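Here's the structure we're looking at; comments come further down.
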Amino acid sequence: KAEVHTHLTNDDIARFSRQLILPGFGVQGQLKLKNSAVLIVGMGGLGCPAAQYLAAAGCGRLGLVDYDIVERNNFHRQTLHSEKKEGMSKVDSARIALLELNSSCQIKCHTRLLNSLNAFSVLRAYDVILDCSDNVPTRYLLNDACVMLGKPLVSGSALKMDGQLTVYNYGADGPCYRCIYPVPPPPEAVTNCGDGGVLGAITGTIGALQALEAIKVIVGLGEVLAGRLLIYDGFSNLFRNIKIRSKRPNCHICSAEPLIRDLIDYELFCGMHATDKDNPLQLL
Amino acid sequence: KAEVHTHLTNDDIARFSRQLILPGFGVQGQLKLKNSAVLIVGMGGLGCPAAQYLAAAGCGRLGLVDYDIVERNNFHRQTLHSEKKEGMSKVDSARIALLELNSSCQIKCHTRLLNSLNAFSVLRAYDVILDCSDNVPTRYLLNDACVMLGKPLVSGSALKMDGQLTVYNYGADGPCYRCIYPVPPPPEAVTNCGDGGVLGAITGTIGALQALEAIKVIVGLGEVLAGRLLIYDGFSNLFRNIKIRSKRPNCHICSAEPLIRDLIDYELFCGMHATDKDNPLQLL
Amino acid sequence: MSAKELQINLEFSAGAELLFGNIKRRKLSLDGTVKWTVASLLKWMHANILTERPELFLQGDTVRPGILVLINDTDWELLGELEYELQPNDNVLFISTLHGG
Amino acid sequence: MSAKELQINLEFSAGAELLFGNIKRRKLSLDGTVKWTVASLLKWMHANILTERPELFLQGDTVRPGILVLINDTDWELLGELEYELQPNDNVLFISTLHGG
């Protein structure tokens, strides 16, 4: 069990002075961050900036999940992975870069693909989960696990020059991913970043905003983006704030009487593999 | 004079594959980036992410301007500066970090405070200028120099949990900074990040968006944010797209018959020092 | 031009435009003498402007899973979904859900 | 409540709210029997809701340099500035310019 910090060091105060002085932040806000644990699922285009800004802001513990290794075609957007780290596991690469930014951040590496067997044991130790993943089954898995564990899920996504952001499972009325998307999309309608491409500045923007929402959740600052969807069109540089539904009364997972009471096989449910590299699951 | 690249290497194609395939980008877009030179003024909260995403995207030449050194209270938002580089000049620190991300990016360090005597010689070699500065005199200086040299100016700013972004001096009708702000604000109305604080995720978002707009300008992609102002309220996570005026017909600097034909003393004009560290200029 | 028209704006975002000739914004003038719901709009879109594989937009009578419908920037679920009756100058936005990172 | 009121929305952004009791959004009901311009609105704001140093908001009859005025998300310069006549449900937004990085 992690030590609970009850005060800031002089070094903390010097280091975070320009964040501490924000209205509604203060020493208490910084302490909450220092005592917080955030899990970031996916150390790609979204996970890199999200982790960077959480570590820099003084988040005490970060968990990083990714089974993949650093490849050359990651460099244009995954800015924690330097050229020298090609071939290294992404979580190890990210950990090295994050500790250079803030050596007092405790970073735990989960070098694995999340699935319904290991998700609870990985997620349980964290206060807030960031969905920086790149595929549909992982998004449903994270949602269901977060609902069952009662943890807020800061969900970002990006493709080409578009980005989307919202916070699921937050507050009394905040919907979950299944409230909005009860049925997974047909596999042939899903484009991944490998096939569709993506600009690094888009993932950078959405990832930084995910860090911001996580900080707001932890510190209790501002209006969290729950029940609202931010959509970004980088081609025109247009942001829109969309009001989405509250909890769906008959949601299979977050309603009072859920139909789903255990994690399921999400690859089967979605008919897709839990990676961004593959074609649809061959069901027969 | 810089070499003009007429083709991409196999390594370029492998590295940038997921950016190349974007509609409207392609090999020609990547070549334009490779042949481009971008100047980033200010290696602080905005300049760090902007430089990071420009280097990662394959911008051929980056110029970095900052006279300052890395301090402890920078770490929470200036994510190119690692702990070990405390005390180093910010441009040298940033250069090391950027070369680790993309060793083929040519990076020139301008370790100085820009002023009306040196601005032309520094700016002339670049195609696009990013205003990532932290004070009013530098914003007017960069604007006037960009207008006189005919270069687009991607202007970002941030304070507390707010951010603003626009592109000045772009296209036939695009306004300049003076079109919008003909008169500088009273010094007592200006809050800097030292006094007001700022969250790193806010500067991270605006800085990444500055990189995106620079890429769009260079590649000729999408609708550039000229004549429009993006305002961001991170407290509520609300973005707004504001239509601002076109060129002001009687603008002192960008109109057909400008009153100002040479750079002036911007500290005197604004009654403020060109740093974020000081009180108003003592005029008497 | 008919005496009575119902003007609405259609928008597509995050890839949904690729199914509609890659046009992100359209102004429609519909026959204003009849009542238009989102259900009848979807039928009209299928017949008139859907250029790519219809199964990537429609499933049965409604949009396929993974496409959000927003009317004046509000989730159509809050407004009656298919039964919502279109009003003059309504803005109907179709957003593809993104899954990449 | 008067028989005729002019309802408008005021908004403040990027620090301008600090001069107005730190409230970012207000609904105003103005006397609808007279004509209201932005000029008269500024006078009303000064008299009624400006809580901090007025010189950080006003200079002479207009807003001080460095504050942008947007009416329905459009620069007031495009709409006649001080002379613009307020319409029912107009949204008037005051933005402080940021200079930090």
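Note that the chains are named A, B, C and D in the order they appear, and that numbering of residues resets to 1 at the start of each chain.
Keep in mind that, in the parts below, a contact is a pair of C-beta atoms (placed from the backbone, for glycine too) under 8 Å apart; a residue touches a chain by one contact, two chains touch by 3 or more.
These numbers were taken from a predicted model, which means no experiment stands behind them.
The minimum number of touch steps separating chain C from chain D is 3.
Between chain B and chain C, the least number of touching-chain steps is 2. Taking each chain's centre as the average of its CA atoms, chain B and chain D sit 31 Å apart.
Centre-to-centre separation of chain A and chain D, using mean CA positions: 39 Å.
Chain A and chain B have Cα centroids lying 28 Å from one another.
Annotation for chain C: no residues touch two or more other chains. Across the assembly, chain A contributes 160, 193, 196, 198, 236, 240-241 as residues in contact with two or more other chains. Contacting chain pairs in the structure are A-B, A-C, B-D. Within the complex formed with chain D, the chain B residues making contact are 42, 44-47, 132-136, 139, 156-160, 162-164, 180-186, 188-193, 196, 198, 203, 229, 231, 233, 236, 240-245, 276.
On chain C, the positions that touch chain A within their shared complex are 13-15, 24, 55-56, 59, 64-66, 68, 70, 73-75, 77-78, 93, 95-101. Within the complex formed with chain A, the chain B residues making contact are 11, 14-23, 25, 49, 52-53, 56-58, 72-73, 75-77, 79, 82-84, 100-103, 160-161, 193-202, 204-205, 208-209, 211-213, 215-216, 221-225, 228, 230, 232, 234-241.
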